[in-house]
Structure formats: structure tokens, C-alpha cells
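Before anything else, here is the set of structures, which you'll find just below.
In the two complexes below, chain A is the common chain; its partner is chain B in one and chain C in the other.
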Partner chain A sequence: MATIEESEKRAPWVLLSPALVTIALLLVVPVMFIVVYSFWLRTSVGGVEPAFSLANWREALTDRFYLDILISTVRIAAITTIVCALVGYPVAYFVARAKGVNRGFLLLLLMLPFWVSYIIRTMSWINILGVSGAVNSLLLSIGLIDEPVQMLYNEATVILGLVHFLLPFMILNTYVSLDGIDRALEDAANSLGANPMQTFWEVTLPLSVPGLAAGSVLCFVLGAGTYITPIVLGGPTDAMFANLVFEAIITQLDWPLGAVLSLMLLVVLGAVVLVYNRFMGLGHIAKGIG
Partner chain B sequence: MDDTKRYERLREMFGNGDIGRRKFLGLLGAAGAAYGVQMPFGNMAFAQDVSEVRFDGWGGVVSEAFREKAFDPYTKKTGIEVVDGTFGSGDEYLARVKTAQEGEYNIAHLSGVFDYARYHNLGFSTSLNTDNIPNLDLVIPKLVDVFRAVSGDQLSCVPYDYGTTGLAYNRKYISDEEMKEQGARILLNEKYKGKIGGWSDWRTRIWYGALQTDQDPNNIQDMDAVWDAIRTHRDLALKYWGSGAELMSLLAEEEIYVTEGWSGRIYALQEQGHDIGYYDPPNGFGWQECLFVIKGSPLGAVEELLNFMLAPETSIAVAEAQNYPPALDPSKVDLGSKIPKLPAFDPTGTLDGLTFANPDYWNGNEAEWSKMFGRVQKGY
Partner chain C sequence: MRGWPLIRAWTILVYTFMFLPVAVVILLAFNANQFGAFPMTGFSFRWFVALWENDAIVRAFQTSLTLGLLTAIISTTIGVLASLALVRYDFPGKNSISTLLIAPILVPEVVLAVSLLLFLQMLNVPKSFFLLLMGHVIFTLPFVVLVVQARLVAVKKDYEEAARSLGASPIQAFFQITLPLIMPAVMAGGLFAFTISFDDITGTLFWKPGGVETVPTQIFAMLRNSISPEINALGAVMIMLTTGLPLIGIAVARWSAARRAK
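Moving on, here comes the complex of A and B:
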């Protein structure tokens, strides 16, 4: 009996072992490497010198520059998330309420952006909002403006690019949540005298919050970690924290400082995910992207 | 008999029932183990039997020129494939090389002696046998000497072309006279706010900051004034560009009217019919590019490729396609009719008219200046 019991206890671990090994090799080990690097030092020619120094941590945590960019990154990611939620919710609601072939078609449309490279999608805004882009050409041709309006290369276009990139994640997560709501509950609210608006505010919206939150945490984490969008659509000062990591590692060849900055971003984003997990549970995210 | 044939015979014997399943699988396993054991030594044995060489360059029209005018003819002649990759900056490429296995990257189209020095100082250089590269004798001697000086008389590269980072401007909005009058300071002119661009490269920004504050870029005395000039430029600029393609797009689409630009890319824009002017201000940023061979590369094949690329017919064809003058000495080689018209071309072969970055000076300040520029660039 004891043998069967032991083997039953072992079974889940045996079944999980491929996933655990994969996570260990692809996530835990690289992060450990980054932690080790963070205590090393940059040599004068751009190499690394094994050491145990807190100099990089001290610099990153006490220098206002890094903190300011981190705050700016969090702000941009938060604005992006809010815009995604405001724009994405009605779309998700519409898809969830669509029937038959229409719903399948709309879901297919939501998936379409994933088939095109993120960089290409980001760069497409240059052709839309550029001085000789589609919007300016249209406005000029109908005589609404006399000369092209400069719309690109500022924080607003960075947020626009991020919304474009992240909106499908928000819509899909919210859709899953809305689709899972028992329609009988809405009918019950109606039969008890609630008008459609009251039904939405008091039944539908609260029940769809888990999906909305899952979409929000995904949008926030992915948005805060991006560095391509500010490079392509941002102006000279529109950098995000991931750009600092890129510059430390690639331009300055300061891998130890880059490791510290990576870990700082990881801690901030990890904290957001932990807070989400505490109140909502990570299972909702898996539903949305699975 | 090769391994594939042995396997096919074995499989045939198994199929005919001459050997049992257990024996078939056992022999396969033994073959696999033997192959695994001999692999490290096998690699050494095959080292001279090179079938491909990896080349990394700047992408865009430059890569197209190399592919069409050099690599394809070389492969046709030797049977050795040239696998070409691209990079956006020398810094980015160095980070890649640092993390790669020895031999993974072979030749890089590096810009500037300072890059050569960085790679050498990090231990990525090798020692070429120049006897295997006879066409090196056709190269401007000054270009070879500066590399030899860095790596102790050894060479880990061959010079290939040169150019400048001068001022590019849209003639519809800025006249040639205005450009000559203002020089590098035009990038600080309030009149063009929102229509100014600049390369997001710390060296270029500091070089132009030095010019804008009347200082020698190879001996800057007042660094604070340079940072202030960079800040002023940043506040007037619409965008820092990060690649030649982006530079060309910003100018061609009239998103910006003036920026620094790479001479060959601006010439390419002019060839396409865009009315873009190009002006090298006094002490403008000159640079020479080389084909750098990375430690661990198959030297025989690489030297053969370098010699092929330095052959006048190849070198001139590449230069005409990428719009940068070749490193060939005009006093030794007839460079044809197009090259003398290219910006930055020096008909004397002395290159005395160009100012190059002093590698010791710039690499000595790299850590501090690249970091500081990262801050200034972001509004500090």
C-alpha cells in the first residue's frame, strides 16, 4: 500500500518534470546568471570582471535618472492599459454577444494582427501619421490643412503604438470572461426590474472584471517591457526602461549594470503580477491567452 | 564509403532479414556513440574543409552591393558560400560577438579604427597572413598603417572603404549658401525646430557637439559646452535615427530637413532623384571601414575572400554600388568614372583632407561619454 501511495505522490511530479525542467533551464537559470552578473564589474575595455560588488546596485538605486525613467515607464504602461481597457471592452462585449459565424469571423479578425510582425505593425504608423502619410494626405486633399501636421515621434505616438500592439490581448481576455457569464443572470436582473444599463453596471461588468484584470495585467507587463515602440515612434526623449537596459548592454557594454536594470524591471513587473495573483489568480490570464 | 551509405546498407540487410532488429538497433547505437566521441576531433579535421564563411555588415544598399558584386561571384568561383547577416551598429554587433562561440562569426564590416581597437582589446583579433592577400598592396598605405599601429604590426583586417558623416539637408528649405555659412551649427538653429534629425550614436553627437562649440573633436577641452550643445540639439530635434534606412526615409519623406548623414547613403538619395545636399564641414567626421576577421575564423578561406574582395574589379563594383570610395590607392588603380564623383573621395590617396577619430582618445573616454550621452539623450 505504502508503495502505491508513494508512487501516487510522485506521479504529479513525474508528469510535471518536463515542464519544470524547461522552466528551470529557460527561466530560472538565465535569471540566476543575471543576478550573478549584477554583482560583477565592467572592465575599461567593455569586458566583465567577476567580483562581488554592490556598486551597480548602489548606482541604479540611488541615481534619480533610473528612478525617473522607471516612473515614466510605469506611467506610459498604465495609460496604455487604461486606453486598451476603454477601447477593448466594448469590442469584447460586441464579440461576446455576436452569434454563429459572425463571432468566429470577428475572433479571426482579432487574431489577424498576430500574423504580422510587431515591428512591421509599429512601423506602419509612419505611413499613416507621417508628414506624407495617409492622414496628412487626406487632410491636405480635402483642404482641411495647408501644410502637413507633425503627428509622429512623441509620447502620444508611443502610447498609440503600444495600444495597437496590446489591444488584442485585452479584448481576448475580456471576451473570455464575458463569454463565460451565465446569460440567465442578466435575464434575472431584467425580470427583477433592472434596465439594460443597470444590468450592465451591476451584473455584467462585475462578473467580467477577472477578464478585464487579466487583460490589464498582460497589457501593463508587456507594455512596460517594450523597447521597440519608443525607438520607432518616439522622439529623442521618449525612452522607456527597457531602452536603458538595451543601451547599458549593447551601447555601453556594461553588462553588470544592464543586469541590475533588468532585475529592477523584473521586480517591479513581478510585483504587479503578484498583486494581481493575490486578488484574481493567474488562472484567468491562462484562459485568455490559451 | 560515407556514413549514409553504411546506414543504407545496414537498413537493407535488416529489411532482407539478414540481421535481427536488436542487432540493427545495436549497430545504429554504436555508430551514434562513435560519431559523438569523434566529433570534437572531427571538427578539427574538417576545419580546412570550409564550405561557408559568415559575413556581417550594415544592411540595406551596402549589403546588397556586397551580395551582388562580391559574394555571389566569389561563391561562383570558389564554391564557398558567404552567409551574410546585418547589424544596426558596431556596439550591437560587438555584444553579439561577445556571446558567440569562437568561429561563429567570421568577418565584420567595421567602421572606424576605434572599433578595430575595441575588438582587438577584447581579444577578438587574429593575425592574417598578408602574403595570401596580395591585393592588399593596392590599398592606400595610410589606411593599413593605422590598423597595424593598433595591433602591434599584425593585421586582423583589410581596409575596404571610407566615407564621412557630414551634413545632409533638403535643398527645398535650406540653400547651399546657408549650409556653408552655418556649418555644424545649423543643427542648433531654432528656425528648423522639429525638422532637425541626428544619429543616436554618442560618438557622432559628441563630434558634432565639438564642432558646434569650435573645438577639436580629437582634443575636447570644454566637455560641458559639448553636452550643452547636445542638449540644445536634442530639444530641437524631431527624431534620432538609428539606421541608414531610417535616415534615408526621414529625409526623403521630408519629416526632417537637416541632419548629419552618411555620405554614401546621401549620395544614394541623390541618385534616386531627391534634392538633398551634402556638406562636409571643416573637421567633419571621416571614417574608414575595414573587413575585420574575428578570432577563430577559417583563415585560409577568409584570406581568399578578402583578396577577392580587394581585387580592383570587385572593390570598384562594390564601391560604385554602395557609394563609398574604396580603400584602393587612386595612384595605383584606375577607379573609373563614378568613384571620383562620390562624396568624401580623395583623389590624392593621402586622405589628408579628412579628420578621423583618434582611437586612443575616443576609446579612452568611451565608458564615461557613452553613459553620459544616454542620460543627455533622455532629457538630462
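Moving on, here comes the complex of A and C:
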């Protein structure tokens, strides 16, 4: 019979095993599998056969089309992240400094968008900016325009949709950092003669960098990995990299190419996460979500 | 501080930006105007009735509810066990295991979707409800682990140890002592998994078999034509469901905590 000590040692692994098996079978092995799959060949009859061919990789890496869209995806995600940081920081600051019931209420409101489906939040902008949307209806009724103006389906509305989707992630993460700052440090800076601006730039802002960084990584990775927003709010030329993956897999049924494109996206976004992990540690992201 | 009123005004503006479009969806769902656009011509429930009479939408709701419930049950069971291990025990490699458990959040959902799809196709598992369910389990699991872990920290191990020293078997101790104590954490995890699954579209579009729609993919398909009052009504029902459930959950948790404190 096992001693109590031995069973204590075994217990965590017994409890963890269902989760570890799930992650191994549904995430780790499948990702490793598509690495292999990306070298397989499409046959002339439309099937796929095991092989070692660099053709898929060559196509994706040498065709300017894919590279251009990868670059514009990174650019759109970067702009979105910067806008989220600039717009969200004062809000996080306000919530962190709010008192009592107000603060609880503001935090609860910040959670609400997470429970509203991404597709609904995205399509809601059609009601606002569309040809028969709120803005056009308002401008028509006050006589500023004679005919409805199409404001949707361009890069700006894609970025708008992404900011709307990702802003709560930025605010919550920054809030967690700001909330953890010992107020005595700010008081000390003030009593030593710093004016409020100096205190902010030299004490508060540097101490909130971990939250700002966690929020930025989430915004960037989620923003760069989406294909729904460009379909719903973008025009024909506003496709992002994940749209190419979706096209390859679902429309063209060119699965080896789809595997290559997925892996390219994984490498670019994985690099961002690794750099972040090197400097900040992944723990901060977990704090912001839980 | 002089800047404070400015920061407050900015905060109000940003909250308006976050909520106004969603509020407009709900408002337009009650629009009597047959094109579902501004200006509103009156107040009407006709679009909700139209939803109820639309077979495709009712089927999508059934699919989403079944999928959400099964996802919540599986994901929460696996997630609670893993969280217990992480909170209650110290063991070598604990940090790496924690990171591995949240890995599905760190991998872009598109990549997760493609790899699971291609891997299971290779094993001759076609696009099916089963694939959809597996997909939803893997990407809700990290959220369940994070939420449940955060709640479990507050639950002391003492009662369980007392039960064990009084002769309860580990199984008895778990079901009679530990499970009732961690029930709020379990419910929170399950609710979270359900709403994430119910709202998902990114992975679902890759995994769903032809002809099967969930509510989000149904909305997506309807958007291809143009925005209609029916979409707004469907959106409104979804918003009420996925924000209403957690809010009720929070209210029940507060109420039972207050009752226990008496």
C-alpha cells in the first residue's frame, strides 16, 4: 500500500492528467502535425499525399502578395494597439483612482463587453456608420448632406472595429497595474518637490508599464490574428493575413498552403509573445484575464 | 488635481464609445420600420416574433445551447481538477505546467483552428459536432483554469484534511467536503466556458460542418446580404443571454455570501 507521502506526491499529477492529455492531443500534437503537413504535396486529383516538398513554403515566402498582406496586417495591429493604449490609459487611471461603489460599477461595466459576442460588437458599427445608419440619418436630417455617404468598408473602419473589440483588454490590464501601485510612492515624490506632471512621468507611468505591456501584447496578437473584422467592416482590399488562411482552407481547399500560412502567422505572433515573455513574464497576462 | 475633470470627461466618452453601438443594436431590434434602420418609426416586437418563426435561427440556437452546455461541463471538469493540483500542491515543473495550461490563449485562434481541423481530418474525423466540441473545449479550458484558480485560493484545505483524519476516503472527502466548498468556483468556471463557447465565431467557422450553424455563424451568414432588423433582434437576444447569465451568477454569489455571513 502506498504511504500517504507517496500518494501526496502522485495526487497533483492524477488531477492534472485530464488537462494535460487534452492539451497534448488537441493543441501540441496538432500544431506539430501541421508543421509536417506543410511539406506535403497536393495531388492532381485534389488530395494530399505525404512528401517532403518545399513548394508550399516557396510559394508563400516568395510571392509578394503574401508578404505585402503580412506587412499590412502587422501595421494595422500596431496602429490598433497604439490607439488602444492612448485611448485606454486615462480610463484605466480614472477607474484605478475612483472610490467605492463607483469603482466596482466601472469595473463591472468593463467586463460587459467580454460577454457580448465579437460578431455582434463588430456588426453593430453597420448600424452607426452604414448608409442607413445613425450618423447618416443625423446628417441628412440636419441638412448637412443631401445623400447618404458610405463611411464603411475601408481600412479606417477595420481599425475602428478592432479598437472597439480590443480596448477592454487594454484598459483592464493597465488597471491591474495602476491599482497595484503603492500610493505612498506618489506621495513621497510630491513631498520631495515633484509637481503632479513629474510624479506621473517618473513614478506612476513607469510602474504601470507591466500592465500596459500585457494589454499591448494581447491587443496586438488578437488584432493581428483576426479575419472577421476585415470581412464585416473592410473593403475588398482590406484583407488581413488570417483572411488568407481562411481562404486557403475553406474556399480553395488548399490545405498544405493553409498550413504554411498558419505557421507563418504563428511564428510572427509567437515571436512577439516570446519577446514579451523575456522582458515581462507571461504571468502578467494571466493576472489581467483572471 | 487640475486634470481630473478632463480625465473624467474622457472616461465617460470612452465608455460611451464602448457601449453606444451595442445599445443601438438593442434599440433597433424594437424598430417597427421594415428596413430596420434609422429613423425609427415606432416600437414593435415583430422582429422577435419573426426570429421565433425562423426555423434556421431556432436550430442555430439549439446547436449553440447544446454546444455551450457540453463545452462547459467537459471544460469545467477538466479545468477544476487541474486548478486543484495547481493551487493545493507543490511539485517540480509547476510553472511550466501553468504556462502550458494557458497556451491555448497564446496561440492565435486561427492557427489553433487550422491545426485541430487538419489533424483530426488526417485521423478521418470529419467536420462534425464532435470536432466543434473538441475545439470549444480546448480554447475555453485556459479561461476556466484561470478563473477557477483565482477563486480556489480562498478555499482552505483544513476541512478536507479534518474529514480525512476522521476516516473519510479521498473520494468521500472530495464529494462531501471539498466539492460543496468550491462550488462557487466551479459555477464561475462553467458560466465563463458557456459564454465563451456561445459567443465564438473565429474557430467555429473552421470547424462547423456544412449546413450546421451556431448563433454567431448564423448572424455572420445573414450579414452577407445586408443588415436587417432580424439580425438586430437576434443580436439583442444573444446580448441579453450572454450578459444576463453572468450578471445573475454574480448576483446569486453575492446573495449566498451575504446569507452565509449572517
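One rule holds in what follows: the second predicted complex is superposed on the first by the 267 of 290 C-alpha atoms of A that agree within 3 Å, B and C clash if a C-alpha of one lies under 4 Å from a C-alpha of the other, contacts with A are read in each partner's own complex, and residues count from 1 in each chain.
Please note the rule applied: a residue touches a chain if its C-beta (ideal position, glycine included) is under 8 Å from a C-beta of that chain, and two chains touch if they have at least 3 such contacts.
The shown structure was predicted, so the numbers you read here are calculated from the model rather than taken from an experiment.
**Q** Quick check on the superposition: with chain A as the shared anchor, is it clash or fit for chain B versus chain C?
**A** After superposition on chain A, which the two structures share, chain B runs into chain C.
**Q** Is A:88 in contact with chain B, with chain C, with both, or with neither (first, second, both, neither)?
**A** In the superposition, A:88 contacts chain C only.
**Q** Going by the contact rule stated at the top, is it chain B or chain C that touches a larger number of residues on chain A?
**A** In the superposed model, C touches more residues of chain A.
**Q** Please work out whether A:250 is in contact with chain B alone, chain C alone, both, or neither, and reply first, second, both or neither.
**A** Both chain B and chain C are touched by A:250.
**Q** With the two structures laid over each other on chain A, which partner does A:117 touch: chain B (first), chain C (second), both, or neither?
**A** second
**Q** Quick one: is A:130 in contact with chain B, with chain C, with both, or with neither? Answer first, second, both or neither.
**A** It touches chain B and chain C both.
**Q** Return first, second, both or neither, reflecting whether A:220 touches chain B, chain C, both chains, or no partner chain.
**A** neither
**Q** Could you look at A:169 and tell me whether it touches chain B, chain C, both or neither (first, second, both, neither)?
**A** Neither chain B nor chain C is touched by A:169.
**Q** If the shared chain A is used to align the two complexes, which stretch of chain C, 23-31, 221-229 or 239-247, clashes with chain B?
**A** The listed stretch with clashing C-alpha atoms is 221-229.
**Q** So which positions on chain A get touched by both chain B and chain C?
**A** 126, 130, 132, 249-250
**Q** Which part of chain C faces chain A closely enough to touch in the complex?
**A** 1-3, 7-8, 10-11, 14-15, 17-22, 24-25, 28, 35, 37-39, 77-79, 81-82, 84-86, 88-89, 91, 97-112, 114-120, 122, 134-135, 137-138, 141, 143, 145-147, 149-150, 195, 198-199, 201-202, 205-206, 215-216, 219-220, 223, 227, 231-232, 235, 238-239, 242-243, 246, 250
**Q** Give every residue of chain A touching chain C within the complex, in rising order.
**A** The contact residues of chain A facing chain C are 8-9, 11-13, 15-16, 18-20, 22-23, 26-31, 33-34, 37, 87-88, 90-91, 93-95, 106, 108-109, 111-113, 115-121, 123-128, 130, 132-134, 136-138, 141, 164, 167-168, 196, 221, 224-228, 232, 242, 245-246, 249-250, 255, 258-259, 262-263, 265-266, 269-270, 273, 282, 285-286, 289-290.
**Q** Would you pull the chain A residues touching chain B in the complex into a rising list?
**A** So the residues of chain A in touch with chain B come to 42, 44-47, 65, 69, 126, 130-132, 150, 152-153, 231, 235-237, 239, 244, 247-254.
**Q** Can you tell me which positions in chain B touch chain A when the two form their complex?
**A** Contact set of chain B toward chain A: 89, 91-92, 94-95, 98, 118, 121-122, 194, 198, 202, 234-235, 237-240, 242, 249, 253-255, 363, 366-367, 370-371, 374-375, 377-380.
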